[in-house]
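To keep things simple, chains are lettered A, B and C as they appear, and every chain counts its residues starting from 1.
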Amino acid sequence: LLLLCPGGTLGCASVAAGSPVVPLGSAVTASCTIQSELCRGLEPGKVRITWMLDNEPVAGTQHRAPGGTEVSNLTLPQFNHTEAKLWCWVEWNGTKQRVGMAEIRAGYPPAKPFNLSCVLNLSDYGLTCQWEQGANSHLPTSIALKCAGSRTQAVTGCTPQGGHSHCTVPRQLLQLYRQMEIWVSATNALGTAESEHLCIDPMDVAKLDPPALQSIQSIPFQTDCVALAWEVARTNAHMDLQCELRYRAAEEPAWALVTGIVGQSGTTQCCGFLFGTQYHFQMRCRRSTARGYWSEWSPGRNYTTHEK
Amino acid sequence: APLAELSGDQDFQLFLHKNLEFTRKIKGDVAALQRLVCDTFQLCKEEELLLVRQDLGIAQAPLEQCHSRTFQAEACFSQIRAGLRTYHGSLASVLELLPGHAGLVETLQLDAANLSSNIQQQMEDLGLDTVTFPSEDRGPLPAFSSRFHHQVGGFFILANFQRFLETAYRALRHLAR
Amino acid sequence: LLLLCPGGTLGCASVAAGSPVVPLGSAVTASCTIQSELCRGLEPGKVRITWMLDNEPVAGTQHRAPGGTEVSNLTLPQFNHTEAKLWCWVEWNGTKQRVGMAEIRAGYPPAKPFNLSCVLNLSDYGLTCQWEQGANSHLPTSIALKCAGSRTQAVTGCTPQGGHSHCTVPRQLLQLYRQMEIWVSATNALGTAESEHLCIDPMDVAKLDPPALQSIQSIPFQTDCVALAWEVARTNAHMDLQCELRYRAAEEPAWALVTGIVGQSGTTQCCGFLFGTQYHFQMRCRRSTARGYWSEWSPGRNYTTHEK
């Protein structure tokens, strides 16, 4: 036994709207048609159609149409709700009946996403991109990050979850060591917008793990020089890197900076240190192509130079 | 043994006591879904939808065997089971309406099926004849001519199911000590 | 191009063990067969087979078998490793070659799981059961919680993850308000063990949410009586519950207890309170069938009685 026989005597009433989605502030039209001979208990000549916009009465114009149907047309010159229900009512057996409804949504075409940037995570080689969404369109908008190999037609990418403005392209969908085109696309009922297209090799935006400071010694002995042994992170061992070292005395605000340190590991010597003073050392690296991000500064190491 | 005698049977009383609570739980969940339909679709008052209900030709699952005048426990239990099965199927239309609350609707379907099998087992324990319904397949869902009619259809499925449960609850309570 | 040609010149050597899994401390036998004509560069009459148990030499007995094959048999009377590799070596071109291997595991049949208990979580109606595993069998053991409806043959349940001794049976696999049979089964290569079978209605082990203390007032006015309004949690609204109230003065160690409070909500009156004293109140509930667990005590509420 099916509880519903939707065929039923349907057609007693129906509401039609111009478009279910309109630009905010534009006009909305709708019509409510009553075929009284299909509405049991509704006396033909006495059909009075009224409208409500959500819970607010609005006036339509009713007229008799061929075949004994009654039609009420409604025009709302300036629809300022982002979402509302247009209800059609008739009076029946002394009660007011809801007989039809149209859901209207209003908003704007999607804003152009901007500030797109990406980072490659070297632990799982996922490419995480983030962007700014732009003004709210008030409409259901599907956002997708798109990426295409420079030569292939295939477009892959990822979809942000839970309304976030970031998502991660898994390794399987990436071409490493080659240019890829990456952009954000936003689409709703009123249009589509695309961000600027980035053209990057995922490796060039790799987020490197920081190097490790192995040991610090006063070498050569009894001088104001210090030798610092360091090593790049294992995840970067195959890369050509350029690193830089910074140090400062405990109370000093400014850092001294040693740049252009290359290789996978080594010892860097610096001189001019004050005697009997505690210094704080940190190091970071970047791909030697000077593209892409610096790693975080390594965990700091303290070292106190010997007395004079 | 005639059911009157069994009313003193401890197992039967435990069955009644448990499944009275189960029915209260299901009624509570149906009420929660009715509130959701009201909040989501502004369909809250039955008296505003009587004309459309005629349009949709909505029928109710029969429970006349459970009304006290003609009370016949075995037939009443069978009608309760048949009705639970029908509403289990119809809830699929509500599931389509409230995709964001699928968990609550699916729990309701699980509970309806569970209550029906609890009753079936108890009827078997009492040596009463029981019908074994074919498993899942229930045929296609009704196709509504508009979202509005689909929403009103969902509204009445829940309203009728609530009334059905109220009658079933009174029948079980009639038997309970 | 397949890098490996498994067909290849296999058959040059093969190792066979009596059983890959044996009870701990029992004997282990294995044989290593060399078909020298299939081993390029191995001079037939001069095949010397040796054995290693992981890295420890063990002695086998070698003999010539029909067809020019050399066979070495090995017996380890008391195998006390839970896991070890038996390596077969031969000398070849002046080097020692690994030519075959058998992995042996040893342990015990699974211990009988015990202390099985279950709790039904009323937010998702999942039944979480926990148990004690018993002694380690040292062997890969698959543990599963099993549950069956009292009348149905179908056995469902859940599998603990990550070596835990608990798992949750989802609502879909449960029968509410009816007895179910629940037990734990442990199986490894040496056998199977089952816990005691519980026969419970999941609802009877529901963990109730605590009731809420709504308001506390001195009623009737100017007496040593207090009226406390309470309400059960929404998740328990359909249940018949029995609740109890406890209260004590701030410095008092002992609680006064009011039992047998029934219903969904109500007001409980108690007398005999000291004037101008701060009291701490809490309430908890259980199913009126007295089966199943008490809820936690409700969040406490303080109330100071009026001066005399």
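Quick note on the criterion: contacts are C-beta pairs under 8 Å (C-beta built on N, C-alpha and C of every residue); 3 or more make two chains touch, one makes a residue touch a chain.
Because the structure is a prediction, the values reported are computed rather than measured.
Participant: If you connect every pair of chains that touch, what shape comes out? Choose line, ring, star, complete or other.
Facilitator: line
Participant: I need the chain pair with the most C-beta contacts, please.
Facilitator: More C-beta pairs are in contact between A-B than between any other chains.
Participant: Could you give the separation in Å between the centres of subunit A and subunit B, each centre being the mean of its C-alpha atoms?
Facilitator: Chain centroid spacing, subunit A to subunit B, equals 44 Å.
Participant: Cα centroid separation between subunit B and subunit C, in whole Å?
Facilitator: Centre-to-centre distance between subunit B and subunit C: 38 Å.
Participant: Using the touch rule from the top of the page, what residues of subunit C touch 2 or more other chains?
Facilitator: none
Participant: Considering subunit B alone, which of its residues make contact with at least two other chains?
Facilitator: none
Participant: Touching subunit A in the complex: which residues of subunit B?
Facilitator: Touching subunit A from subunit B are residues 42-43, 47-52, 54-61, 86-87, 89-90, 93, 139, 142-149, 151, 153, 156-157, 160.
Participant: Touching residues of subunit C toward subunit B in the complex: what are they?
Facilitator: Residue positions touching the partner: 125, 149-151, 171-172, 175-178, 201, 203, 237-240, 289.
Participant: Going by the contact rule at the top, pick out the subunit A residues touching subunit B in the complex.
Facilitator: Result: residues 1-15, 38-42, 54, 85, 87, 90, 92-93, 95-103 of subunit A touch subunit B.
Participant: Show which residues of subunit B lie in contact with subunit C when the two form their complex.
Facilitator: 17-19, 21-22, 24-25, 27-28, 107, 110-111, 114-115, 117-118, 121, 124
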